[in-house]
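To keep things simple, chains are lettered A, B, C and D as they appear, and every chain counts its residues starting from 1.
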Amino acid sequence: MPVLRRRAIRSTERMEAFTDGVIAIAITLLTLDLHVPLHDATIGDGQLWRSLLDRWPNFVAFLVSFVVVGIIWINHHTMFAHIERADPTLVLINTFFLLTVSVLPFTTALLAEYLGHDGERTAVLVYTGWFILVSVAFNLLWWYSQKAGLRDDGADEAAAKQAAKRAKLGIPVYTALFLIALVSPTASVIGTGIMALLYALPNGLAAD
Amino acid sequence: MPVLRRRAIRSTERMEAFTDGVIAIAITLLTLDLHVPLHDATIGDGQLWRSLLDRWPNFVAFLVSFVVVGIIWINHHTMFAHIERADPTLVLINTFFLLTVSVLPFTTALLAEYLGHDGERTAVLVYTGWFILVSVAFNLLWWYSQKAGLRDDGADEAAAKQAAKRAKLGIPVYTALFLIALVSPTASVIGTGIMALLYALPNGLAAD
Amino acid sequence: MPVLRRRAIRSTERMEAFTDGVIAIAITLLTLDLHVPLHDATIGDGQLWRSLLDRWPNFVAFLVSFVVVGIIWINHHTMFAHIERADPTLVLINTFFLLTVSVLPFTTALLAEYLGHDGERTAVLVYTGWFILVSVAFNLLWWYSQKAGLRDDGADEAAAKQAAKRAKLGIPVYTALFLIALVSPTASVIGTGIMALLYALPNGLAAD
Amino acid sequence: MPVLRRRAIRSTERMEAFTDGVIAIAITLLTLDLHVPLHDATIGDGQLWRSLLDRWPNFVAFLVSFVVVGIIWINHHTMFAHIERADPTLVLINTFFLLTVSVLPFTTALLAEYLGHDGERTAVLVYTGWFILVSVAFNLLWWYSQKAGLRDDGADEAAAKQAAKRAKLGIPVYTALFLIALVSPTASVIGTGIMALLYALPNGLAAD
């Protein structure tokens, strides 16, 4: 695909726009699992409140995933502020990254369906295990852009290094959460939520 | 996330594009609740008309939510005409704002399912109560961008102040509609529709 | 909303991007009604072919709607090549236009469900009748942009006039198709398909 | 539609943005077929693993289609790096191309439903047959842009020729996979996956 190179050298704009599109759709599809209880099966206001509260796993799963995907978008944004050119391999890795992100509404729906039910451990293992894959794809982008000389860190090389370092944390963190799920799926989900909030805080996990 | 700052200082463009994407998807997903009556259960043209008319709650809920989300998009657009830079905290608040917006297809579906049925009060309380949250997130954006000096109101400082003032109205208005729902859910939905139309009128709620 | 004016005067870019987003989603959601026959109810390859062929109304409805929405996008694109500024009223009319477009997956699903079944006339009346509304919204955009002096027809005033004239044809054409549906729903759907193809041909309906 | 010409001559930007939107949505909708097994029918963690593994056709279909659509996006991107102007006919052909792409979630769902079940051959014939159509539409874009003089191959004419040549391979390849499905649907699906991976490799199918 040498053709791609010519335009790619000029900018990563269309790749960023396509990525934004896929992430925007994936994050919005997360809400499709907040199923509304049917009115045929509901008698009165009190029961609807209870039906809604019974769906707490759906809300928890939605919330945790939304925060994680939101952070993924922010981090992708940050990374591409340092990448000035794309080559075909970077486009491919980014497509693999998008594949991992687009599956998140499925792993989220799985978590929502089984949290608090039989099969919970399996669901949480799939949920946290998939995040490992997302994190691997994300780190591949950092690694390859550096290796192939596609970056322009400008005056901000320290910032780029710190962001890449933060990104690397994702793999051990999600692996730990995956292992925790073997013992306690509940603790693993709570841990995922806490990690997401820590990441979300500005400089929350900054290394310095 | 100091990395973000470098590009962010240059523009809020990608954040606006991502926001546009999420709002465009959320507003279009509203139509997914306009379920088509199945032909197995329908005998003839007259009955299909009646089936469609029986679904008035779905159409009302769709219409009110579409107008509200449309106005939210217009107001976000207006706000960001005054915001020239983003920092990580603004990005985070905007992500929280997007979270509140992306749930609107769910609260709309809930309203559509229960309007005119048992459980209506609960549905309307959730529906109007969620709008309070959307409004809080929206006002946080105004407040923080001002506080952190991210704005450039240029010659139009009066216009920015007026828009921020209009935005502030959202919180008491939706709180009032929430409280009205305790007494009369129907009145609360009608009120939400009327408020949306008033907001939609150019200068309809202008303060001067 | 005088605030909007400042940026709006500069460009219609974000409005076009938001419109593109909503139309792209609406046109892609059309395929959600191409339901796959379940394999539990299917015995062998021959029967799956027949099941698929039995779904011809879904494919016809999808195809006609896709072509019409595609043309709507092209025409909106054409129109905004002549509109250089937006004001709050234009944004509002455009939001109303988007509302009419976003409902098209619903009217298409209705057509798909009833074509060839009892209730077909009602479905076709809703389907063609809604296109009248889309056309009215589209013509409002042309009319208002002219009236409010938001256009810059440059050297191409003749082209703008011709495009506006073509747009005006939509209202009588869809009204005729609506009336035809009272007599023959089938003829009305075929007519809608033929009109869409004529419009699609470059210069197909050019007035000169 | 001579009106379009004026802006179109300037750029293909909005067309590319609209195309990106439709492809981003289509690729993300592919995940909607990764249905979650319901917890009512699942007893314990082991059974959920088995339920998930039983869904291998859904994962295979998703994976193959995701890679193919990803490559389609990359190739469209490559092509438009060589197209500098659009005319109404090119816009029309591109709309036809988008129509073929937007149906892919349906053919993918069909494959997922029938892979490994009765009716598999029919499903694979539809799946691979539709890719022939996508490839025809894609090649029409190359052919017409050349014929109508809309290209600017600049110094990279060799690259453009090679990309067009690679694109042409799609038609015989998918036709072969279609014919193979008559004998062995399984071999055809495996072949589609392999071809997708070969295409995905940078320079994997480069002609020189």
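Basically, a contact is a pair of C-beta atoms (placed from the backbone, for glycine too) under 8 Å apart; a residue touches a chain by one contact, two chains touch by 3 or more.
Note that the structure is a prediction, hence the values are computed from the model and not measured.
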Statement: Turning chain A onto chain D by a C-alpha fit takes a rotation, in degrees to the nearest 5, of 90
Field: Most widely separated chain from chain D, with each centre as the mean of CA atoms
entry: B
- prompt: Between chain B and chain C, what is the gap in Å from one C-alpha centre to the other?
  reply: 25
Query: How far is the middle of chain A from the middle of chain C, if each middle is the mean of its Cα atoms, in Å?
result: 35
Per-residue overlap in chain A, given as positions that touch at least 2 other chains: 17, 21, 25
Statement: Within their complex, chain A touches chain B through residues 16-17, 20-21, 23-25, 27-28, 30-32, 34, 36-39, 42-49, 52, 63, 66-67, 70, 73-74, 77-78, 81-82, 154, 156, 159-160, 162-163, 200, 202-203, 206
Message: List the residues on chain B that touch chain A in their complex, please.
response: 1-4, 6-7, 14, 17-18, 21-22, 25-26, 29, 87-89, 91-92, 95, 98-99, 102-103, 105-106, 109-110, 113-114, 117-123, 126
